[in-house]
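Here come two complexes built around chain A, the first alongside chain B, the second alongside chain C.
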Partner chain A sequence: MKFCTVKQYFDDENNNNVTNGIATTVIPLPNKHLKIKANNKEMEQYEQELLRNVMPQELTKLILAANYLNFKEALDFFCRTVANAIQNKSVDYVRKFFGLESDFEPGEEEKLCKEFAWSFEGVDED
Partner chain B sequence: MRKKQKTTSLPLPQPRTNAEESDFFDGLPDDLVVFILCKVSSSASSPSDLISILFTCKRLNRLGVHPLVLSKASPKALAIRAKNWSESAHRFLRLCVNSGNIEASYTLGMIRFYCLQNRGSGASLMAKAAIKTHAPALYSLAVIQFNGSGGSKNDKNLKAGVALCARAACLGHVDALRELGHCLQDGYGVRQNVAEGRRLLVQANTRELASVLRARSASPDPGVSGSGCGLLSDFGCDVTEPETHPVNSFLKEWFGSGCDGSGLRMCSHVGCGRPETRPHEFRRCSVCGAVNYCSRGCQALDWKLRHKVECMPMERWLEENNGGDNGGVGGGDGGGEEGGELN
Partner chain C sequence: MDGSGLTQQPKKQKLNEERDVVDRNIKCLHNLPEEILRYILSLLPTKDAIRTSVLCKRWEYLWTSIPNLYFDGSELAKRKNFMNFVERVLLLRDSSDIKTFTLYCDVLRDASHVSAWISAAVRRNVQQLYIRLCNFREPFSLPHSLFTCMTLTELELEMPCILKLPPTICFTNLKTLNFRYVTFSNEYLTQKLFSGLPVLEQLDLDYCKWVNIKVVSISAPKLLYIGITEDTENQNDEKGCRVMISGVSLNVFYYFGEFYNEYRVYNSSSLVDASIFVDWSLQRQRQVAHRMYVLLTGFYRVKKLLLTNSTLEALTNAEVVELLPHLPIFKNLEYLGFDESLVNLDSIALLKILQKSPRLKRMVFSEGISLSSDYERNDRILDPVPPCFLSQLNCIKVYDYEGDEEELSAVKILLKNAVVLDKMVITCSHHFAKDLENLNKVHEQLLKLPRGSKHCELVFDLNLS
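So, the complex of A and B:
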């Protein structure tokens, strides 16, 4: 049963965790899954289209919604998307993409560079 | 996959007005970030995929080395280059081993056993992986038992080697299947059973073909033809060589640059990289005597890959030396699995 939490959701007064917009994106997913279950390529295309316009902030909300609704496939899919986005990219790209600030002291970052010098080869500058 | 608990009690941060300042990972609790990082590490194709994350900010630095993330690291994420080997690389591998990553156990075990010459620790790390049914670890331990590596000639334990090979073969490890097949055909460490040995050799070929075809269909590239796979070329199958484990490439690079010294030879099969641990440990091709192998499996593969064309019976000097010692005939038989004899 994919939506074990949905019943509780309707009973629950506390609806802060899932806003309307996000719910409309996440909830149709199981139906679509069932329809094109046999054909993997179509599913990939559908997923690509769905995510093309989604900004990282939206993705956070989608992940939290999927987690709250206990919807494993969607959670897996969104997290995989994030993982693919940061796969084999340079440090600066990852920071820019997610809006992260480096909170290291200057000395700390150098120490890290030395510690992991052995791993850096063949990174996309993207 | 872990069951996710509902985060109903987690208060979401207030939406910030300036979109650029909001941090993607800020809104996510630690366990979801770890979940994402697990996916990054399990699908990483090189160490830098995962390590770059550690440089971004303090929180990701802390979560990136979470045991769960490290335990899921793929073999390629641990594919350190031999020329980059350092204490810090060693430390990282140890961290992965402690988190329960059996690939790391196997990798560090091989490196410690062969490169750092720490036989005891290397073997025990490989055993740790072998206990968790890691097929390459079982096979590597079998090779060590067959050769008595790290000890003297009397430390060879053929029965133990066969037992380990059998367990790796049950898991479908192609090299182990071949090795076991040859052992059965020759009655080496196990009662001779030629038919059973033959069956295993055929099974090894089939598995190899299946895995190559699977890889090919996953990435259809008409340009990929390769120089011809080992034994399947006999059946007219011109398929690419199977991918070697990153640690074999590490060994090859480490010893290829001449770090061994002391005149110890390496296995002549290109995909292996294992060095001898004492003089004359490996056995050589009895026809030409120019190449030597750590195992029958390596010998069979190398025969088809390249040695078949190079191997030339040293007839002239056999005559001169009254050549009774170098018996055995080179050349493939009908099925094409045998190379020269090993002596």
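So, the complex of A and C:
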């Protein structure tokens, strides 16, 4: 694979502990991906495992690494994992997942919810 | 208080503080670059993507570039919210191109709103448009801009009302077109529509009506597939419409209906696969038979033909039976299949078709066969024996077998006459496969039947899958 960019990435990154974490997850990915590309069910299982073992912060690192390495399939896979994780979840859940805090004025948020009321039907309770 | 407890607590607190500091430095998902966040949003269903508007200020308009919009307002109870939602989303959405736009809704008295929404999608260079509208309480027309949309490649339009066509129609890039429940009422403009499809490859006309239209010619030079399912409701016009289909590139033809309209396929040298599933009532048999015959004559080059028992029965109408010997030779026909219902082998139409198919290699009866057990008469069913039975027919498959006398008689006559048969596969119905007592008996019966072909293998399939 793209060995020069990989080496460059290691050189750039300051925090060695974090780099090692990424190395063990991202680098084996091309092989695993190639092996299980055809098999959707295995991908789903792998995705479940990933979500369980990897904290949202780690997922951020994985996405950034895949983006930097220009590794399209991995980037796509991780983004889909995030999308699947937040699908049909409540606003609070999604905020927690992304590490966000509401910075709306009181009443602003309510107004938005009212405008988009139809999209709030049938959302999972926390 | 325990001495050791006192000393342990401050240590623990210190560790937690350290971890907090580290935590704050580690990037959170929300710090991902904007393009990646937008990409994630584009992977979500429309509802979920737009809900992120509420997360925080930075996210309020992040969703506005999602390329695919899906609006299903089938639930009437939430209508007001739905209408407001669609209005708002289309108002706020940025000017980037829309790739897929799906709208399922009841129109009621909001015709102008619905039309405006479709217009908005067209303005943003939509490529795939899926529209299902119903419940019109006022006249409705699609925006004119839709009919000259250069970016449209796929259009699905389900609209049980009259399709009002504008004077200018040009679908330059449309490859897939599906009309459902649409009523065509202007002969001139409808003809213009079906002449302005330069790159169309797939056309489906489901339950469409032709009102006050005598003839229409569908001539799409790149058309590969056409499927027509006729409306089963009685049409007002006695004669219906004559639909002429130019099959210059056509590979596959599918028809299901009662021939309320007439269909002819011409220039059909590339047609490989044709299916004609017909339904008919006694008082219309004559018309159905004629139209069936006309359609069949256009299929003389097909390799695969799928019919039903009703098709055969329709063709045995007195007037048309006279014409059967004049059927063209199906010179390329290799596969003849029957679907929908049991086929009665005692059919002059079947015999004639078989006699006109010199290269037939395979016959498949998906819903089984039968023949009345009149031994004397049965020998004359295949008289004269079709040439394909003597030199080409190498595989016959019979499904839904239950071991009756009638089925056995039918299998007997086929085995006797197909003298170059390699394989006869008899598959049991699910129901019969459970009758363990009789299965063996029936299998024995089949194995004892005399075979015209010395090397023929009889496979008895219990259909356990």
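The rule is simple: the second predicted complex is superposed on the first by the 93 of 126 C-alpha atoms of A that agree within 3 Å, B and C clash if a C-alpha of one lies under 4 Å from a C-alpha of the other, contacts with A are read in each partner's own complex, and residues count from 1 in each chain.
Everything that follows uses one rule, which is that a residue touches a chain if its C-beta (ideal position, glycine included) is under 8 Å from a C-beta of that chain, and two chains touch if they have at least 3 such contacts.
Quick caveat, the model's predicted, so the values are computed rather than measured.
Undergrad: Is the arrangement of chain B and chain C around the shared chain A a clash or a fit after superposition?
TA: With chain A aligned, chain B runs into chain C, so clash.
Undergrad: Touching A:Tyr68, do we find chain B (first), chain C (second), both, or neither?
TA: first
Undergrad: Between chain B and chain C, point out the one touching more chain A residues.
TA: B
Undergrad: Should A:Phe104 be classified as contacting the first partner (chain B), the second (chain C), both, or neither?
TA: both
Undergrad: Once the structures are superposed on A, label A:Glu115 by its partner contacts, choosing first (chain B), second (chain C), both or neither.
TA: both
Undergrad: Which stretch of chain B would you flag for clashing with chain C, going by 207-215, 225-233 or 243-251?
TA: 243-251
Undergrad: Can you list the residues of chain A that touch chain B in one structure and chain C in the other?
TA: On chain A, the residues that contact chain B in one structure and chain C in the other are 56-57, 59-61, 63-64, 67, 75, 79-80, 82-83, 86-88, 91, 94-95, 97-104, 109, 112-113, 115-121, 123.
Undergrad: Over in the complex, which chain A residues touch chain B? Could you list them?
TA: Listed in rising order, the residues of chain A that touch chain B are 5, 12, 14, 16-17, 56-57, 59-61, 63-64, 67-68, 70, 72, 75-76, 79-80, 82-84, 86-91, 94-95, 97-104, 109, 112-123.
Undergrad: Residues of chain B touching chain A in their complex?
TA: Touch residues, chain B against chain A: 1, 4, 6-8, 12, 19-25, 27-28, 32, 35-37, 39-40, 43-49, 51-58, 60-61, 80-81, 84-86, 88-89, 91-92.
Undergrad: Can you name the residues of chain A that touch chain C in the complex?
TA: 18, 56-57, 59-61, 63-64, 67, 75, 79-80, 82-83, 86-88, 91, 94-95, 97-104, 109, 112-113, 115-121, 123
Undergrad: Contact residues on chain C for chain A in the complex?
TA: 23, 26-33, 36, 39-40, 43-48, 50-57, 59-60, 78, 81-82, 84-85, 88
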